[in-house]
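As written, the chain order gives the labels A, B, C and D, with residue 1 at the start of each chain.
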Amino acid sequence: MIKTEVIVGKLRLKNPVLVASGTFGYGDELIGTIDINKLGGIVTKSLTLKPKVGNPPPRVAETPCGMLNSIGLANIGVDKFINEKLPLLRNFDTAIIVNIAAKRIEDYCEIIKRLEDTEGVSAYEINISCPNVKEGGLEFGTNIEMTAKIVNATRKLTSKTLIIKLTPNVTRISEFAKVCKEEGADAVSLINTVVGMAIDIKTRKPKISTITGGLSGPAIKPIALAKVFEVFQNVDIPIIGIGGITTWEDAIEFMIAGAKAIQVGTANFIDPNTPINIISGIIRYCEENKIEDINDIVGSIIVETFPH
Amino acid sequence: MIIKTISTILSNEPVGENIYRIELLSPEISTASKPGQFINIKVSENLDPLLRRPFSVYNVIDDRIQIIFNVVGKATKILSSKKVGEKIDIIGPLGNGFNLNDDFDTALIVAGGLGIAPFPFLTKILKEKNKNIISLVGARTKSQLVLDGFVNVNTATDDGSYGHKGTVVELFKLKVMNNDIVKTPSAFKVFACGPIPMLKAIIELCDKLNLNCEVSVEAPMACGTGLCQGCAVKTRDGKYKLACKDGPIFNSKDILL
Amino acid sequence: MIKTEVIVGKLRLKNPVLVASGTFGYGDELIGTIDINKLGGIVTKSLTLKPKVGNPPPRVAETPCGMLNSIGLANIGVDKFINEKLPLLRNFDTAIIVNIAAKRIEDYCEIIKRLEDTEGVSAYEINISCPNVKEGGLEFGTNIEMTAKIVNATRKLTSKTLIIKLTPNVTRISEFAKVCKEEGADAVSLINTVVGMAIDIKTRKPKISTITGGLSGPAIKPIALAKVFEVFQNVDIPIIGIGGITTWEDAIEFMIAGAKAIQVGTANFIDPNTPINIISGIIRYCEENKIEDINDIVGSIIVETFPH
Amino acid sequence: MIIKTISTILSNEPVGENIYRIELLSPEISTASKPGQFINIKVSENLDPLLRRPFSVYNVIDDRIQIIFNVVGKATKILSSKKVGEKIDIIGPLGNGFNLNDDFDTALIVAGGLGIAPFPFLTKILKEKNKNIISLVGARTKSQLVLDGFVNVNTATDDGSYGHKGTVVELFKLKVMNNDIVKTPSAFKVFACGPIPMLKAIIELCDKLNLNCEVSVEAPMACGTGLCQGCAVKTRDGKYKLACKDGPIFNSKDILL
């Protein structure tokens, strides 16, 4: 029996495979279609204080081995989530990680306050890295002081595991991870989407209504992996790896590079069973390689030289 | 209930200029499908094209499901070259389907271009329900008209090569004005599918004539299953609905194209 | 007859399609295989003052719709280029843009001095953005003061067109483009490769000897396009677009986003005829869309809202 | 001269466990090819897999060219499922090929695993040149031994299912020591192809015995035509050569694996 449990902050995950925010609804969409209980955890769609209708269409476009999105954080708002979704999710034997987005520090705090009063939240993931909203979003995630302030403020409000979701659209992501650690975050998840763009050459209009959007999918996997390794090498904080993970081999790559857990995003759109297949693939890999504890994979990269 | 299955291709044939029809063996999805729903196809095992592609259920025959498509880009090109016997990964049936419980005697089907896709199946079910059917089908030219599965058909072609010379919207105007529809609008229900400009025009006319109308709306999709919020369609109250879950069939009164 | 000439700084290109540095050797490799005279121009492999043997293997690895490379600027050095390659290249009716890399400002300057004494160089492209060398490279390209200094110093040495090649591995590329303009550069070319990584899960070793490498190919096209548009919107300087361009449609996308010329890189590896095919594709597009002058495409994007 | 051509697949058949042989119609490349050279194949029109894949010229028969390959990843999987009559985009012949102008009477061919690939073609040309040939072929197990086109063959399998039980390197040692090779090394030339550890061992032995030896080296490649500098192979003087241009055939004295 392979030991698959991993610990991220105070959070025990029965296995390291989570589903990424915004790619699995609120966790209820696929009830009956896939076996939710097998997941290491669910990260919810980003919740804001008030409901948001999101950006005008077109919101998605395919690019080579990837996709652009500009959903604009369309969501039902934290209250409706608490009342209508959380009661359902509580019944599942999986971690519920609530992803939070806001335009102002006070709003991040208010959302956490409301969630602290309820049952069933396993951890928070703070989204400071959405490229598709005018305020907050990337402006926070590319600003190191703002990042520090948000972590500091939210940390004070909860003893639950606090995960900060970082953007790759910065020169040195490890500086951001460092600040997160200093301000008391339990973990970082990386990466959110990469700013990208596509144009319809017939109409000469952008394929996404907000002109640029967030690039996700296999195309960004090498970028995400480099960011995970950069943080792993430079900052002593648990990492949740995200970006283009589609197969169990991809997941193993991220774990070898230093990720304690991983999230599956865009791949859910292609096959909602991807996370389940990844879990069994990882277990098979452990068996074949005589690895008894999945944690032994984490950061097991063999390097001779060092990157610059 | 969403069904994901590896389905066998039973036939793949050109049925018009650049238009192909594929028949797939899929007992589960066939049984579960309703007219207006769609299936989502992964055309390649590799990562390019990456996302599934949505196609209306063109018809259901026993345990087989048919789709019809235009070759417009890489996924449809790959699909058009699939051989009989090859396997293909499909998810379905998706979306809401047409509402046939309204009180109407006559269905007025309006199809532009590949907007024909959902109607052979709809026609079949309407016939079972003993509804009258009037079909208006438009295409750019005769070689792109695929009329199998339609009944009581009036056609329009942009170049006049077959039927009325002009658009299906003009044909719609002609038929509606020469008919008793304007007098007894409640007896009629319009079902429309086609390019956005055509749907806009039809919706405007239905608004004016106070006709009950459902349209099938195409929006770029990433998941087809309500996960991504990508397929937003604007509603008249300034919010959005999802083409893949709340649609692709919408009542014309609800949306703003 | 479509007018295909574009002007970048003082450089007249007979058409906007160039081949990117490091993906076409010194321009002589494919003589006889493709019709060099049809190209808008050739950008040479980066030249350094002294020859460089480059990085240890493995130097390349495929990733989804892309590839990683860490060649480490293997090149014959500027003197050998002048003596052995330039005499050949001069015979072709195409622009010869010499790409220059160095570890120190003085070396950039020395290389230009040597090239100024010869015939046949149409323009310089200064590479301050190579991710695969320990010194110089990215350290220069992610540092705005250093960027300013290099542009300033090299600008003084030549009246030829000076193009600065920028890295996407920064938070705001337009700030770098702005500095380039202020210091007198004639144009910017973007983007160089994106830092990326891949791991062999059998050996747990990086697939590239330097651990991280530069990601190129179709995967990065949306990223490159967003960077081109960011600079186009914010800085008034001619842009040469690079990144994943594989088809004429890709090239048109870059031009619509604001690129005056484009470079084909990785696609040359798959089909060395790509640049030629792109040129005819662009001309066909102009004919079909009744565009008489290719310059009318440049920056012709139609946007309703503005990106954030 | 590099030739890029769209070639028709004339046959594609399994010839061993997970091993396929494809025959391609390509008069231009067939005529131009020498043993040891390779062709570079774009297996899909789509962007995944992106890069071409290199395969040794296994044999040339009139206007046809053959390759043989192991299914190890996505490109070789796609190749293995190609049907007769399909077209495929190839570039070739690439690389330098074996040097047959050296002064030797007997060729000692050493192949490990799919390292057999360049040798049927080499054997054919050596026979034309009236050289003696001794072939040593190793594989993991019998079902992975493909001996067509070899002459005077000695085999080794890791599991002993056919021939000598052990590696082809051990077989090489046995043969070399029991032979007059050590006495008249200049009459012999070794041609080796296989995994890096095998080549390393063979090179070491040839160094020791002062045997003239050429090896075919695989390196990850992006272009195959000298454009990218990706396929570096270390030389004994601490520099690099390119497997695609300076190789893939190297004299064992020149390189450091």
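Some points to look at:
Throughout what follows, a contact is a pair of C-beta atoms (placed from the backbone, for glycine too) under 8 Å apart; a residue touches a chain by one contact, two chains touch by 3 or more.
Note that this is a predicted model, so its numbers are computed, not measured.
Contact with chain C and chain D alike is made by A, B. Between chain A and chain C, the least number of touching-chain steps is 1. Chain geometry summary: the mean Cα position of chain B and that of chain D are 54 Å apart. Chain A and chain D have centres, each the mean of its CA atoms, that are 46 Å apart.
Note on chain placement: the centre of chain A and the centre of chain B lie 36 Å apart, centres being C-alpha means. The set of chain B residues touching two or more other chains comprises 47-49. Of all residues in chain C, those touching 2 or more other chains are 64-66, 217-218, listed in ascending order. Taken together, the touching pairs cover every possible pairing of the chains.
Residues of chain A touching chain B in their complex: 22-25, 29-30, 32-33, 45, 53-62, 64-67, 69, 71, 74, 207, 217-218, 246, 266, 268-273.
Interface residues of chain C, counted against chain A in their complex, comprise 63-66, 68, 133-134, 137-139, 142, 169-171, 194-199, 201, 203-206, 209-212, 215, 217-223, 225-226, 229, 244, 249, 252-253, 256-257, 285, 300-303, 305-308. Residues 44, 46-49, 74, 78 of chain D are the ones touching chain B in the complex. Taken in their complex, chain C has these residues touching chain B: 64-65. Of all residues in chain D, those touching chain A in their complex are 47-48.
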